[in-house]
Amino acid sequence: MNRWASVAVALLCAVLALALAWAMWDLPPAPVALPAQVAGSLAISGVEHPVTAVLLNFRGYDTLLEVGVLLIALLGMLAAGATPERMTALPPDPVLEGLARLLAPLMVLVAGYLLWAGAFRPGGAFQAAAVLAAAGVLLRLAGPVTAWTRPGRVLRLALAAGFVVFLAVAVLGLAQGAMLEYPRAWAGSLILAVEAGLTVSLGLTLAGLFLAGPEIPRGGPRT
Amino acid sequence: MAIESVAPLPWLVLLPLAWATLSFLLGPSRGAGIAIVGLLLQAGLVLLLAWQLTTMGTQHHAVGGWGAPLGIDLVADGLSVVMLLMTAAVALPVAIYARAWFVAKPAGAAWFWPLSGFLVAALNGLFLSADLFNIYVTLELLGLAAVGLTAATGERRAVAAAMRYLLATLLGSGAYLMGVALVYGTYGSVSLAVLGGLVESLPVVMLAAGLMVAGMLLKTALFPLHFWLPPAHGGAATPVSALLSALVIKASFYLALRLWFGVFEPLAAVSAAQVLGALGAAAVFWGSVQALLQARLKMLVAYSTVAQVGYLFLVFPLATGTPAEAAAGAWQGGVLQAVAHALAKAAMFAAAGAMILGAGSDRIDRLGGVGARLPLALFAFGLAGIVLMGLPPTGGFATKWLLLMAALETGQWWWAAVLVGGGLLAAAYVFRVLLAAFAPVPEQGRVTGVARSLEWTAFALATAGVLLGLFAAHVVTLLDVGA
Amino acid sequence: MILDSLLPPLVVLSSFLPGLVIFFLDESRVRLRTTLNLVGAVTKLLLIAYMLWGVFHQQDFVFRHTVLPGFDLVLNADALAMLFVTLSAVLWFFTTLYAIGYLEGAPHRSRFFGFFSLCVTATVGVAMAGNLFTFFIFYELLTLATYPLVVHRGTPEALRAGQRYLAYTLGGGAILLVGIIWLYTLAGSVDFVHGGSLAALGSAHAAELRWIFLLLIAGVGVKAALVPLHGWLPQAMVAPAPVSALLHAVAVVKAGAFGIVRVVYEVYGVTFAQVLGVLTPLSWVASATILWGSLRALAQDDLKRRLAYSTVSQVSYIVLGVTLFGPVGTVGGVVHLVHQGIMKITLFFCAGNYAETLGIHRVSQMDGVGRRMPWTTAAFTLAAFGMIGLPPLAGFVSKWYLGLGALEAGMDWVIGVLMLSSLLNAAYFLPIVYRAWFKPQAGEWPHEHILARGRRETGWLLLLPPVFTAAAALAVGLFAAMPFSPLDWVQLIAEREYAP
Amino acid sequence: MSLSPFDLLLAVMLLLTAWRALVAPDPFRATVLFIVFGLLMALAWARLSAPDIALAEAAIGAGLTGALLLDAVGHLRAVRRQSSPPGGDKAREAAK
Amino acid sequence: MSLGLFYALVGGGLFALGLAGLILQPRLLGKILAFNILGSGAFLVLVGLAQRGGTPDPVPQAMVLTGIVVAVAATALALALTRRLADLSGAAVLPEDDARAPANPRGPDGD
């Protein structure tokens, strides 16, 4: 791109920033007050923490699809593949490896706590999954876990488990009248089940984003 | 369970998600069978929904039982159902096609089935959603699935195309998300139903609408934002090309239409609509001329998509600020064009794929002999071409008819010139291919046969594109539900 | 009656369905293909015979299907439609027979006969179209169905001709479409109505209506090969002989001429068109076409090319008749639709026979061919005399009525055009006839494919169709005054058109 | 909660790191700057009374994305080393 | 000025910065960073503008959580494609030829 075009783009973006600022500057209060509605329905949502209530109950459908997004990102990576001979080879490091072996179980514990805490305070499946994923990344960097060439059946099941549980709950809700409608009495437990499934699957998927390695297209690598 | 008690709305999302997951669990390159069964069921569900719509009007489903604005609503009105019908009508034959295709050409087969399942789920979810943020999630689901599918052959060109596509689609949804943020900040809700009564002409809303529509233009590849489309649609595996060109770009067009003539109607300006129309006209000419210049068959078809997208955007000047009757006609014409192009373009890619497979090359000047060896594929290509040219009695003609009427009724004859000229240009590039395929070959037996289902599915899609024109009145009636 | 309203679509389907099946037949299924072809052709004839009887007794056969709001597909078997439908069905039957013989053993026959049937389907649709939309649908279908036939041989020359054909006809179609939609937005209806429906719009829209007339006539004039839109026709004669026969006598050219008839009589109304003052310019164009076509024909040595330019000229007789205000002129023009078809198809059959039997493509190769192929040459001679307008042949009847019509309309100069044109016709046909009968054979035939066996000069399927059509050309002239003759039928149409 | 000098400083730092990350010629440096940006974002979320997002941003936005980016940078460097002659200039420019 | 509005304004700035970077950065890695910055800007506006009255709003907060996960997924895919592209072509930039060249007469055969 030539110089003048670049300057023009930069100027336009600056104008956009100013326009955004000007537009947002003096807005009247919003006519719809959702926080009040959230607070009003929190008691029957099955959890005490409002963000978790929104995430897994009021707007649980968003979350369901979002887990799908993660899964397809992983699938896309596997599908695009990577050339095996150029995979980054890491030199073994005994210190790092020892540390990783020590830290990993601890991180799993933290993840469990975050998951449990999500019901009534900040935390929840995503944060827990992120910690799990971090453990996976650490283990990969330290050596014990190798890159995934082509996820086997067990791994695939683990990757999809959270999504499957979520889907099942969504279908279960249909019997109640609406997709993802939790029965009042069971709401808390069901949400916890969904979260537990998600923690495992999301953790693995997030780690997988890091670990997904060479998927060799049939017929060998193409260049 | 009585058929009335089946709620098709949630199932239309859950069903493809279910078979996508299942085929992922089955492993690489597997799941064609369940995909086809799933798509058959989906077709049944959509037909059921269309029936419910004509008898009972617009259908709603409050996810989680909460209802907007706290929860997310699914709503199926005429426009949604027509788009859902289009999705089902294209996805099922393409799946049958893909099953045979990946036997012949395994590149890209590994994760095709789960990815396309998510793609279909995203499309259905998008068409049904009545919640701006939920639509954002479906957009991302759709975009990433499409990019994954594009890259799946693992070839350099395909990966580069996928990367370009990914950046374009991310930028588009980023702009959309910013719009959603501004709208939520202003009104405190992202439900289309709630916003419908609130939106007024504030600067912040104008900015939001501008960002959202611009994002959709990029995703629909309207000239001059089309740069990412030809390499992606031309470089992907053929069943993927068909899905991308037929369906994926229609999703963002649908959204632009939905927003422009829906919640943002109070802001819609005639001048902005004229600009969109002008870009559309430029797309028609630019895309057609580029198609004429291509040496490779699939690139020709991909540039044809760039041209055909142009027609879609003629709706905006013809239906913004014009008399109600003309506007309604133009709007119907635009939606019909989306459907007609979906069927014809899927047919065209499918037929092109079969021809390329037979000829062993995707260069147009190497197609000689295809006419004799693969007459059905060539016939399908020709039929699809006729739909794109807008000749009667096809779906393309019904479209052109409605748009031309609107153009002349509103005295905007310059759009009529675009419609007529574009049709002739389309004829030029379609017949270029037909001529090449009719050419006799010196080397006997150079063209090989292909699986019959590759030819038949292309033919079925093209025929559907033709029949759409004869039964356009039904589509228009359906479209009027809840409009 | 429901069945009555279904008859028009059945007539259309009677060639469409066999065509569709044939398209997918394997190349080797000769017997099945032939059966399908003939069953379709005969069914169509039977259906038409029944409808002719009905129409004669003022029965209506109308089929209506709404495609879009305000856009109906209408098939209406009125008297004018039946004239054209009958012509095309009868000639299709003969051409099918001829084509079966002509293409024996040639490649891609399933494709050929598939499109051949589609072509007739489109022609019948054009004939029965009850409004301009329907007309346009079948008019475009005709373009698409004939294109593969024109390029059938796949030679570079054929492909070039096909490209030119497409460029002309698709361009014409686009112009026609704009005209139709413009008219629709103005008048709210484009149905074909006896006496036209636009007079009510009056002089307020005169200028627009003149422009629309120009668009419509230019759109259909491409296929009618009006000068200067005729460029595609002489090139398209590279097609196989049965295709040329169909193109020139029945399908494409006639669809254009027929379109002009419909536009003038049933959209504008001949009276209103006269008021608008659009008929006289059209008569000039028609006259110019008549003379130009004949002049060009004179200069051609290639037999089919000469016949092609002759078509350019002859078809404009129809247009000329339409522009002559008054029932007699109408009779002359419309009856020529039939007469020209019968005569021209005979000529092309004969030309095909010469080429297929002896490899003769040029006029200069025809010396003495009358003795080798007497039946064919006799048929050729009869048709050529008819074209010149010698009594009592079909062409004479047309020209007679055209002349009377010109006098009635007060356009005496047209007589001059007719005279001059007849002289030119004679000038390019008589030498051929003379050579064939009276000159001695000059050396070997260029390429003798089919040897004479006894009295049979060529294959039966090649010989019978031209003999029959030549006899018909004689018969429609001789018995023009009989009931149910084309002339009689056309007089019925003219009466209805000019009825107050 | 009202605006404090800390917020002003945070805002300036956010914009500054973002800008620097975008214009940094060295991919490694850009990535490190981006990780810093992510951590600053986490602080901003905390200021906006959104501890959930702060946690997620720190863990996913800065942590995981950072790890992915660093890994990619390393990979690109390895590619550049292996394919200097053919990919030549472009590769060098890419991984500079 | 409320805290929410202040951060929303910062978000607007980040969005514009990211947009410029996405368009102007030639390197893929740079484009990916720019996309993340653009996204962060949009998230800040979403929460900030909604909380301009001072009360925390869990709805946009949940949306942002969703958005962050989507963003990391997109980033991971983008990086994987970048790596793959670098493996195949030796460069982490988009080739100019594919998109521009109208006709590629000497292009290789393929599908």
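Lettered A, B, C, D and E in written order, each chain numbered from 1.
Please note the rule applied: a contact is a pair of C-beta atoms (placed from the backbone, for glycine too) under 8 Å apart; a residue touches a chain by one contact, two chains touch by 3 or more.
The shown structure was predicted, so the numbers you read here are calculated from the model rather than taken from an experiment.
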### Task
If every step must land on a chain the current one touches, say how few steps get you from chain A to chain B.
1
### Task
Identify the chains adjacent to both chain A and chain D in the sense defined at the top.
E
### Task
Skipping chain B entirely, trace which chains still reach each other through touch and list those groups.
A, D, E | C
### Most central chain, Cα average position
B
## Note on the structure
In terms of CA centroids, furthest away from chain A sits chain C
### Query
Counting only C-alpha atoms to place each centre, which chain is farthest from chain D?
C
### Query
Measuring from the mean C-alpha position of chain D to the mean C-alpha position of chain E, what distance in angstrom results?
12
### Query
CA centre of chain A versus CA centre of chain E: separation in Å?
17
### Message
Centroid of chain B to centroid of chain D, CA atoms only: how many Å?
### Response
36
### Task
Could you give the separation in Å between the centres of chain B and chain C, each centre being the mean of its C-alpha atoms?
43
### Summary
Shared-interface residues of chain B (touching two or more other chains) are 133, 137, 140, 144, 147-148, 151, 154-156, 159, 162, 182, 185-186, 188
### Query
So which bits of chain A are touching at least two other chains?
20, 24, 27, 30, 34, 38, 51, 58-59, 62, 66, 69, 72-73, 76-77, 80-81, 86, 126, 206, 209-210, 223
### Summary
Where chain E touches two or more other chains at once, the residues are 8, 13, 15, 17-20, 28, 43, 45, 48-50, 52, 56, 59, 61-63, 65-66, 69-70, 72-74, 76-77, 81-84, 87-89
### Query
Chain pairs in touch?
A-B, A-D, A-E, B-C, B-E, D-E
### Message
Using the touch definition from the top, list the residues of chain E that touch chain D in their complex.
### Response
1-4, 6-7, 10, 13-14, 17-18, 20-21, 25, 27-30, 32-34, 36-37, 40, 43-44, 47-48, 51, 54, 56, 61-62, 64-65, 68-69, 71-72, 75-76, 79, 82-83, 86-87, 89-93
### Message
For the complex, give me every residue of chain A touching chain E.
### Response
1, 6, 9-10, 13-14, 16-17, 20-21, 24-25, 27, 29-30, 34-35, 38, 50-51, 53-55, 58-59, 62-63, 66, 69-70, 72-74, 76-77, 80-83, 86, 126, 202, 206, 209-210, 212, 223
### Task
Please give the residue numbers of chain B that touch chain C in the complex, ascending.
372, 375-376, 379, 386, 389, 391-393, 397-398, 400-402, 404-405, 408-409, 416, 420, 423-424, 427, 431, 435, 438-440, 469-473, 476
### chain A - residues contacting chain B, complex
19-20, 22-24, 27, 30-34, 37-38, 41, 57-62, 64-66, 68-69, 71-73, 75-81, 150, 153, 156-157, 159-160, 163-164, 167, 170-171, 173-174, 176-182, 215, 217-219, 221-223
### Message
Using the touch definition from the top, list the residues of chain B that touch chain E in their complex.
### Response
105, 133, 136-137, 140, 144, 147-148, 151, 154-157, 159-164, 166-167, 170-171, 174-175, 177-178, 180-182, 184-186, 188, 227-228, 230-231, 235, 237-238, 290, 293-296, 298-299, 353, 356-357, 360-363, 366
